[in-house]
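Same chain, two partners: chain A is paired with chain B first, then with chain C.
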Partner chain A sequence: MEALRIKAVRKKFGPLEVLKGISLDLEEGDFLVLLGPSGCGKSTLLALIAGLEDITAGEIHIGDVIANDLHPRDRNIAMVFQSYALYPSMTVHANMAFGLKMRGVSTADQDEAVKRVADMLDIGHLLERKPGQLSGGQRQRVAMGRALVRDPMLFLFDEPLSNLDAKLRVQMRSEIKKLHNRLQTTVVYVTHDQVEAMTLATKIAVMQAGEIQQYAPPEEIYNRPANAFVAGFVGSPQMNFLPGRLERGNGDPRLRIEPANGATECTIPIGSLVESSLGNGEEVIVGIRPESIRPAGSSSTFTFDAAIELVEMTGADTLATFILGGHEMMARLPAEEKPALGDRIGLSFDPASVHLFDRHTTVRLN
Partner chain B sequence: MAVQAEMPRRPRSAAGLDLLRPGQWLGWVSEHRYWAYFLIIPSILFIFAIIIYPTANGIILSFREMRLTRPDLGTGFIGLRHYADMLDDPVFWVALINTLKWVVMSVTLEFALGLAAALALNRDLPGIRLISVLILLPWFLPNVVAGNIWALMLDPRLGVLNDIFIKLGFLSEGKAWFADPDTALLIAVIVEGWHGYPFFALLFLAALKGIPKDLYKAAAVDGAGTLQAFWQITLPGLKMIIVAVVILRVIGLVNSPELLLILTGGGPGNATQVLSLYAFHSAYLLFDFGYAGALSVVMFVILMVFCVIYLRVSRLTAD
Partner chain C sequence: MAKSLQRTKRIHDWVAYGVAIFFLFFGLAPIVWLIITSFKSEGEIVNTVLTYYPHNPIATNYVDIWRQSAFPTLMMNSLQTTIMTVVICVTVGTLASYSFSQYRFPGKYALLLFYLVVRMFPAVLMIIPLFLIMRFFGLLDTSLGLALAYTSFLLPLFIWMMKGFFDALPPDLEKAARIDGCTRIGALVRVILPLVRNGLAATAIFVAIASWNEYLFALMLTTSSGSRTWPVGLQLMIGEFQLPWGLLAAGGVISIIPVVILFALVQQTMVRGLTSGAVKG
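Here is the complex of A and B:
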């Protein structure tokens, strides 16, 4: 059954249109991540789902009801805010029980529900404290607890981990993942952090400028980005982009990389990477992920020599910046590779791992 | 070496500093740990001269005879006689009760109007900034000006309000509101409410702006209505400012007789007589400075007791 269905939703603030016709469906038990840069409209979309903002056009169905005109309390949702929004004058217990109390649940049932969730989140010892007496991580748990205490159709998370330090963020991310695996709740989760998106989501909607650029499972977003924006936004370090031209000669089709800064030209044989409908001389953007580039060695790959411009050690791997055809590129090499600055080393990649995008529309071609 | 020996001797401090170069020794003093005391000396002197000395003098005065109309009585110490007289003075008791009524009714009215105004102004509507400034206008007016404006508007023959009430059919003829013991204090409270509510509105508005909007969103998702959100979020969020603003206003109202002085002069009879006004009358109409001093000391003690109890109670309810 569909837990959430969004149909051609638009939102305007005055003359500014921040959502330009968003449509997506979400199955029950799915974990949807709305991913995008600041100002892309992801938080606004969440506010529309929650009923905290009025919808300008379109329809939002939660479960099998149209929620457009429903008050937030009648939408059967629970929400975790970036600021946690814990009621400062109430104890943790009262914070968690508030939603139940407002719905007329008996005190005994409130206590039972709070206890169950508090045990699950390991915050049982904090119940009598006020939010001001809690650490950031504890507040985050209480905010989650307040949402979990009820049994809503939909959980909404608005960048819930962005106020935590790096270590705690990774820990809470795993806990959210475990909770979702255990409870199989339906979640809509807003973040600008692609690692959170990739690790948590069953489906990701990548947004930019009020539009969904791609709506797909995480593997597909990573392996087959729908356009150059998605390709560049997901993946770290960012995908390398090169301007190129498709050449169909007598043999296999090739990509001719347009040289910059007076560098020599370079061509990449691409075999059956693209469909034959693409014509000779087609202008493309060639995308190669840094992790696709390996040290030279294998015979089945495209090999080239490059001068190392910069070496960054992350511990787990070595990020090497080099120049190919006059364009700066980055390779993610194994940690044991330690090229020195200015070295010329042999690198290679599998032409099958190349992403091609239309130079003008930026849409994926292969 | 010879040049140095010929230099004229300059006065030097024990620490070897050149006393004719203030930059040098000020620099040395400012590094010293007692520099802070040096800096607060001017304010301490000032506070002493305009607060502590007059207060102490007033308290001493309350134990002395000092009637300008009866120089024959002298200015000797008379112990607690003024305080004993006060207990037998029916006007004192009327003034005490009236002070209580005046303060409670005025603060209640100002609180209610101020909160309503602040809630209304705490919205993102066009023109609201201009209105927030305009609403402060009554507070900008000095008590004397505000009092005279209202005295004129409420005048039985010239007053515009009486005219409006007559035209609307509420009154058959102009009413002298401040001449009727039943209406005098009430109307004065309304004038004070109008004059004083912007103070509440301003501070409440500042506090409201400090309440995170997310709390209201969370409450909406949790199922709270407007009223519940008000009780559970807005009021607790205003608590500290309520404590502060009420105490400031109570002190202000107890101590300032100007508005009543202009509107009613304490009359008719003693219907609007309050302690501050009575002390003012005793001092500057009856020239009995000793008794006026004793009245002031009583007001001072009442305010102190009120503040201590009030702060204690509000701290108890805060946690």
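Here is the complex of A and C:
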């Protein structure tokens, strides 16, 4: 069954159109991540689903009811805020029980639900404290607990982990993942952290400027980004982009990289990478992920020499910046590769891993 | 070197204390003198020989003003007016300042600014129009009329002060409460107000004290003992040929007692409310 259906939803704040026609469907048990840069309208979309803001146009269905005119309370949702928004004057127990109390659940049932969730999240010993007496991580758990006790149809998370330190964030991320695996709840989760998005999501909606750029499972977002924006936004370090031209002479089609700064030209044979509909001389953007670039000598078919401009060791791997055809690029090499600055080393990549985008529309071509 | 530094510091301390004591004297001396005078007999007050404390302290001034004048009625009227003013300001002002703080709506800034500008005109300018309005509505010489007149300048103050407290709140609280099942008003009452209660108490007391002590509007808008407040009543005791200093002083002391008690009761809350303005934790 569909847990959430959004149809051509628009939202204006005065003259400013923040959401420009959003449509997406979500199956029950799905984990949807809204991913996008700051200000693209993620929180606004979440607020519309929650009923905290009015919809300018379009429809939102939650379960099998149209939620457009429903009060937030009647939408069968729960929400976790970035600021946690715990009620400072109430104990943790009262915070978690508040939603149940407002719905007229008996005290005994409230206590039972709070206890069940508190055990699950390991916050049983904090129940009598006030939010002010908790650490950031504990507050975060309480905020999750407050959402979980209600057992709603849909969970909404607005960047719930962004106020935690890096280590705690990773830990909570896996806990959320485990919880989701166990409870099979339907989740809409806002973040601008792409690692969070890739690890948690069953579906990702990449947004930009109030529009969905691509709505697909994480592997597809990563392996077949629909346009240059998605390609550049997902993946770290960022995908390398080069301006190029398609050449169909006699023989295999090739990509001619347009050189910059007076560098020598280079061409990449791309075999059957593109459809034959793509004409000769077509202007394209060539995208190569840093992790697709390997030291030369492996079985890859395209090999080249490049001068190393910068070496960054992350411990797990080595990030090498080099110049190809006058363009700065980055490769993510195994940690045992330790090129020195200024070295010329042999690098290679599989032409099949190249992404091609239209230079003018930035839409994916292969 | 160190020594002279220390000496400079000591001199600075003395200067600071001197200035503080000087202004403290200016503020407190009249009140002390008022209290002293209230315990003197008429003869001692008008005596050409100045006495710095009552040589035979008496309480007759207090007994007389309470028994033989309309003073108790004046106090009751003042109390009634003050309570009405506070109730109006707290209900209307809380709702208004909350929406000014948390919501966007057309004309918001213009309105806020307007409230500030209203405060800048001297009260005298407003008296005649207010008088006409009150007469039109038949509110002249009533406690309610006077309370409404007070709100004309106390409500803007209330709104601006409370807006500061609401501004300090995290904006997501109301949203969380609404998702948990509250209406907007419900969220305000159940979640928001408990957080600003110190500030609310402080602001309400500000308003209460201001309306308790107000003189000018009361003088113009009340004409009978049915609604006259104590500052006006006390002033009217000054006759053409007599100046009952002792009674006036006793009346003055009695009427500041509620203010002092109120302040003592909530002093801690009030200071906390005014300085923190916050909800930390």
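As a working rule, the second predicted complex is superposed on the first by the 364 of 366 C-alpha atoms of A that agree within 3 Å, B and C clash if a C-alpha of one lies under 4 Å from a C-alpha of the other, contacts with A are read in each partner's own complex, and residues count from 1 in each chain.
The rule is simple: a contact is a pair of C-beta atoms (placed from the backbone, for glycine too) under 8 Å apart; a residue touches a chain by one contact, two chains touch by 3 or more.
Keep in mind it's a predicted model, so treat the numbers as computed, not measured.
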Return fit or clash for chain B versus chain C, each positioned on chain A through the superposition. clash
Touched partner set for A:Lys178, first chain B, second chain C, both or neither: neither
Per the contact definition in the header, classify A:Pro131: touching chain B only (first), chain C only (second), both, or neither. second
Return first, second, both or neither, reflecting whether A:Lys338 touches chain B, chain C, both chains, or no partner chain. neither
With the two complexes superposed on chain A, say which partner A:Lys12 touches: chain B (first), chain C (second), both, or neither. neither
Partner chain(s) touched by A:Arg116 [first = chain B, second = chain C, both, neither]: neither
Partner chain(s) touched by A:Pro88 [first = chain B, second = chain C, both, neither]: both
What is the shared patch of chain A, the residues that chain B and chain C both contact? 50-52, 71-73, 77-79, 81-83, 85-89, 98-99, 102-103, 146
Note: in the complex, chain A contacts chain C through residues 47, 50-52, 71-73, 77-79, 81-89, 98-99, 102-103, 130-133, 146
Can you name the residues of chain A that touch chain B in the complex? 50-52, 71-73, 77-79, 81-83, 85-90, 98-99, 102-103, 146
If you look only at chain C, which of its residues touch chain A in the complex? 170, 172-173, 175-183, 186, 191, 194-195, 279-281
Going by the contact rule at the top, pick out the chain B residues touching chain A in the complex. 212, 214-215, 217-224, 228, 232-233, 236-237, 239
